[in-house]
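Per-chain residue numbering starts at 1, and chain names A, B and C are given in the order in which the chains are listed.
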Amino acid sequence: MDKKKLKVKGSIFNRISDTNLLLCITIVIFLLMYISAVVFLGGGFKKPQMFFNILNNEAPLIITACGMSIVMISGGIDISIGGVVALVSMSCAVYLDKTPGGGNLWVSLLIALAIGLLFGIVQGYLVSYCEIQPFIVTLAGMFFARGMTTIVNTDPFNVENSAFRKLKDTRITIPKMGSYTKKGLYQAAYIEIGVVVALVIVVVLFLVLRYTKLGRSFYAVGGNPQSALMLGINVKRTKFLSHVICGLMAGIGGYVYFLHVGSGAPSHATGMEMNAIASSIIGGTMLTGGVGNIIGTLFGVLSLSSIQNIVSSAGLGQAWWTGITIGAMLCLFLLIQSIVMWAKKRSLKA
Amino acid sequence: MSNNDTKAPANKFLTVVKKVVSHQMFIPIMALLILAIVNLAFDPNFFKITLGKNNAGNPILSGPLITILDYGAETAILAIGMTLVTAAAGGQDISVGATIAIAGSAMLRVLCGTNPSPDTIQAPIIVAFLVACLVGMACGAFNGALVSFFKIQPMIATLILFTAGRSIAAWINLNKLPVVPDPKFAYFGGIIPGIPVPTPIFIMIACVLIMALILKFTNLGLYTQSVGINEKSAKLNGINPILIKFIAFVILGLCVAVAALIKVSRISTINYSVIAKDIEMDAILAVALGGNALSGGKFNMWASILGAYVFQFLTTTLYKFNIASSALPAYKATVVILLVFFSAPKVRETIGKGFKKLKESIGKSSKGAAGKASEGEA
Amino acid sequence: MDEYRLLEMRGIDKTFPGVRALQHVDFTLNKGEIHALMGENGAGKSTLIKVLTGVYSKDAGTIRLDGEEVKIHSPQDAQNAGISTVYQEITLCPNLSVAENMFIGRGNGKITNWREMNDRAKALLERLDIPAKATQQLANCSIAVQQMVAIARAIDMECKVLILDEPTSSLDEQEVEKLFGLMRDLKAMGVGIIFVTHFLDQVYEVCDKITVLRDGQLVGEYEIRDLPRVQLVAKMLGKEMDDLSDIKGEHEAYHSPDADMKIFEAVKLQSNAGIKPFNFYINKGEVNGFTGLLGSGRSECVRAIFGADRVIGGKVKVKGKAVKIHKPKDAMKNGIAYLPEDRKVDGIIGDLSVRENIILALQVMKGFFKPFTKAQAYAFADEYIKKLNIKTASADTPIKSLSGGNQQKVILARWLLMHPEYLILDEPTRGIDVGTKVDIQKLVLELASGGMSITFISSETDEMLRTCSRLIVMRDRKVVGELSGEDLTQSMIMSTIAGGESDE
C-alpha cells in the first residue's frame, strides 16, 4: 500500500515541465506550418532568403518580445514597448540628422539605450516599489512615449546621415544559401546586422534565464510572489529588474528597428507591444507568470511572421485576411495551450 | 488608530476627514475639482453654457462642460461594462475598440446594404441597432467563452479580437466606407432638432440608469464581486462563476454596441482603422481612476463612470491649453501616473508615515494640518 | 546546566491597524531544544514567527542570536542569519522543479549549477525518503510531498534555528513520524527548533518546552513535564476549561417518530475526484462522520454529496425521493448545506463584509432577481452575529479582517441561515482555537437534537467520538467500515482504518 504511493507517477505529462511542454508544442506547430508552406505554396518559400527576410523584418520584434517574455515570466506586463521603440527611432533620427554637422552613431546608440533604460527604471520603480499595477503604469508609459515622439518631431522623415546609411545597408551574406532569379542571376542570401544583435540577445537572455540566480528568480516571482519572498528572494528587486531589462530591450529593439527602417515617425511600431505579447504567448509564455522560454518566444515571432507571409502568398490579396488569420491562429494556439494544460491537470488527478 | 492624544471633537472631525479621504470616490472627485479650479483660474467663462444654433439652424447648447459630457459618453458607457468584466474576471477586455468597429460596420451594412452610397436607408435604424447589439453581444460572448470556459486570461483572450477585429470590420463591408443617407441617423451622435442637449448625454444617462436599476433589483453586484474575490467559494454557494463571467462579457458587448451607435452616428460613416482607436485604454483607465482594483473583486460602478469623465475633462482641458492632439497622450499619461501614484495604497502609506514623523518633530502645535495628511493612509 | 541561549527575543511589539498583535513578548530558545509555541488563533504565534523571519518588521524589541543582536528585515536576512522556516501554507513555487525549490534563494553564487543542484537534491530526497524526483515540477507532486520538500529545504540549510509553523496539517501519520525523527536528529546536532501546532499530542510527543501566548501577550514558559494538558489548555484559554470530555451526554438525542427517516441516501455515488463508489445514508437528527487518514477520501465523499465535484455515477434520494444533484445549487435546493474544509480557499469571500458573507447562500437560494433589502440583510446578519457570538466590529467589516475562528462562525452562520435539513461540516474546527472548537461541537449536538442531520468530519478522532453516533471509516478512497454504539472507540477506529493488512 505504501509502495504504490511512493512510486513517482510515470505519465508523460508528469515528467515534463509546463515550460517545456508549451515550447515543444510551439516548435512543432511552427515547423508544420513552415514545411507545409514550402510544400504547398512553394514559390518564395522554397528560397532560404524568405526565411532570412522574416528574420530581417522581425529582428526588432524578436528583441522586444524577449524583453516582454521576461516581464511576463515575472508575472507582469509591459504595454509601453511600441511607444518606446517609436520614441527611440524618432530621437535617434532627429539627433543624427538635425544636429549641426551630423550626429555620431555611437552617441545615437547611447541615446537609444538611455531612453529604454529610463523607461524601464521609472516603470519598474512604480510597479515594484510603489506597487501600482503594471498594466496601468506601462499603459501610461505607452501614451507618454507616443506623445513625446510627436513632441520631439511631428513629421516622419528619412535619415540621410551617411555613416548611418552605411551601417543600415550592411549585409552579412550567408554562403551556399543563395538562389537564382528567373534570369539566372545568383543572389546571395543575407541578413542584416539587426538579426545578429537579435540572435545574440536571444542566446544571452536564454542563458540568463536558465543559469543565473536572477533568471531563476524571475520564474519564482512569477510563479508565486508570496512564496518567492519566503524562499528568500528579493521580490521587489526582481520585478524591478525585469522591467529594467524589458526597457533595455525596448531601447535596443528600437535602435534595430531604426536601423531597419532608416526613419523616424510617430506611427512607427504601432501595435508592436501586442505583437510582442502575442509572440510570447504563441511561444509558450503564460501571462499568469512563471512559465515561459526565450527560445519559445523566438519561435513565437517566427510563427507570427510566417502566418503573415503565408497569408499574403496564398493569394488572399485583401488586406483584412492578414488580421483575421493572425487572430484565428492566436485563437488556435490559445485553445491548444488551454486544452493541453487541462488534459495535463486531468491526467494528474486520475 | 493614532491621534489618541487629540481631544474628542477634533478626533471626530479627523475621523470624518479620514473617512472622506479614504473613500473610493475621493480621488476622482478631487481630480475633477482640481481640473475645474485650474480651468476656472485660466478661463473664468469655462463653465458658461451658451445656447446657440448649429449649421442646420437647430438650437444647441455649447460650452466646455457640454463638450465634456458629450464626448465622454462613449467612454462612460464602456466603463460600465468594463467595470463588470474587471470585477468578475480580474482582467480587462482590450478588444472593445475593435468590436466597436465590428458592430459599427455591421450597423452600416444593414443600413446601406451592399451599396456604399445609397439614396435611402435599406432598413430601419432600430433594426440596424439591434443587429449591432447582437453582433456586439456575440463578440462579448466569444471573449466571454474563452475566458470562462477555456480559462484564458481576459487580456490574452481579447487580444484575438483586438488583432482581428478591425480586419473583420473591414471584411463585413468589403473595405468600402458606406455613408448613411438618412439625417435621422446623425441624431444619436449629434442633436435631435429642437432639443439643444447633445443626444449622447441622454444615451449615457439612460445606460447609467438601466445599470443602476439592474444593480438594485438583481444580485448582479453581489454575484460578480463574489466570483471576482473568491471563485471557488462562490461556486460552493451555488453561484455559477462561468455564467457570471460570461454575462459580464456579454453586457460589455452590449455597451460596445451602444458606444458604436454613437461613434458611427457622429460621422455617419466609418473608418475601420481609426474608429474608437485606443478607447479600450480609456475605458480601462476610467475603471482604474475610479479606484477599482484591476485584479477584480469589489467594484464601484459610479467611481468608474466618474473616472471616465475625469479623463474626458482632462482631454478637453488640454485642448483648451492649445496642446496638439498628437502630443496629448504624453500629458494625459503624466496626469494618469500622478493620479494612480497618489491613490496607490503603498504610496499613501509611505506619505502617511512621512507626515506622522513630521508631525512628531514639529510637535503638537501643528497637529491639525499634519494629522489630516497622515489620515490619508489606510 | 549546559543551557546555551541560542535565540532571545525581548520586548517584541507589533501593531497592525486596529490590533496590537504583540505586546512586549519575550521568547527564548536554547540550543538543542524543541520548543512548542502555543496559543489560540489570534494569540500572536504567527505574528511572532513572521517578525522573527523578517516577513513583518517589529515596532519595538530586540532579537539576539548567539548572544549578538541581529537586525532582520527580510526572509533573506533571516536565512543568512541561520533561521530557516517551514510555513503552514506551502510557500514554494509550483512552477519550479523540486530541486530548485530546495535551493533557490540560498547562497551567494550568481550562477545556477543544475547538475550539482540536482545531485544534491536527489541525495536529500533519498535520505528523507521523499517520493519525488529532483527534476520534477513541484506542481506535479502531492501536497504532502510538497510539504516534505519544504521541510527538506529548511533542514538542508544547516540552520541554527528551525521554525516549523504547523507543518503537519497536510501530512499523514507516517510522514509526521518521519518528521519527528528528523526533528530529534537535528536536536541532537544542537539545532534549536520552534514548533507550532494545534495538535496537543504532537507537542507532548516531541517537545521539551512550551511557551504560551494569549492575546498578543506572553503567558509563560514551561518545561513540558511541569505542564499537563489540561493546564496547557487552561493557559491558552485564560480560564479553566470546564470540560473537554463528555459533551454528548448533555444533549438529548433526537427522539421523534420520524427519527429513522432517511434524510439523505446515496447508492454507489461516485465523483471525478477519484473516490470509489460508496453507499451512504443519514437519518433525521443523526450526527455521523467520515473518518480516515488524510487523503483517504473523506472530503471527497461529502463533496460528492454536495455536488461540489462532478458526480459521475450513482443514485441519490432525499427524504426517499430520487433527486439529481449535479451542482451545489441542486444540493442547496434539497436542504443540504456544506461547510468546506479549507476556509480560506473555499469558504470566505475575503473582501466582502460579514453581512454579505452571511446572507450569500440564502440569497443565492432566493434567486438572482430577488435581492434582499439592506434592512433584511442587516437583520439576518445581526441575528447570527449575536447567536453565534461572532466577534466583529460591525456587520460591514470585511470578513478577511476577522480571526480564523470568527470567520468559521460566519461561514457557519451562512449555512444555518438557510435552515438546512442536512448540514455537512468538513473540518469545521481545523486551525481554530480550543474555545471555539468546543462551541462548535456543542452547537452541532444542539442542532441535531433539534432534528437537523449533520455529517461531521474532523482530523481529531476524539472530537468525532464526542459528537458522532455513527462513523463511516475510509481507507484509500474507499469506505471500509461503519462503526456505531459500542464500537465507537479510538482503538476500533484505528484497527478499522488499518484493516486486514494491518501491520501494527
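Criterion: contacts are C-beta pairs under 8 Å (C-beta built on N, C-alpha and C of every residue); 3 or more make two chains touch, one makes a residue touch a chain.
Computed from a predicted model, the values in this text were never measured in an experiment.
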Chains touching both chain A and chain C: B
Pair joined by more contacting C-beta pairs (A-B or B-C): A-B
Mean-CA-position distance for chain C and chain B (Å): 43
Approximate Å spacing (C-alpha centroids) for the pair chain A, chain B: 31
Chain B, residues touching no fewer than two other chains: none
Interfacial residue positions of chain B with respect to chain A in the complex: 92, 146, 150-153, 155-157, 159-168, 170-171, 174-175, 281, 284-285, 288, 294-295, 324, 326-334, 336-337, 340-341, 344-347
Residue ranges of chain A touching chain B (in the complex, touch as defined): 77, 126, 129-133, 135-137, 139-144, 146-148, 150-151, 154, 266, 274, 277-278, 281, 287-288, 318-324, 326-328, 330-331, 334-335, 338-339, 342
Complex contacts: residues of chain A adjacent to chain C: 1-2, 5-9, 13-15, 17-19, 210-217, 219-220, 222-224, 226-234, 290-291, 348-350
Contacting residues of chain C [partner chain A, same complex]: 53, 55, 74-76, 78-79, 85, 87, 90-97, 100-101, 104-106, 109-112, 114, 131-133, 136-137, 139-140, 153, 174, 272-274, 476, 501
Chain C-facing residues of chain B, complex: 1, 216-220, 222-223, 225-226, 229-230, 232-240, 297-298, 378
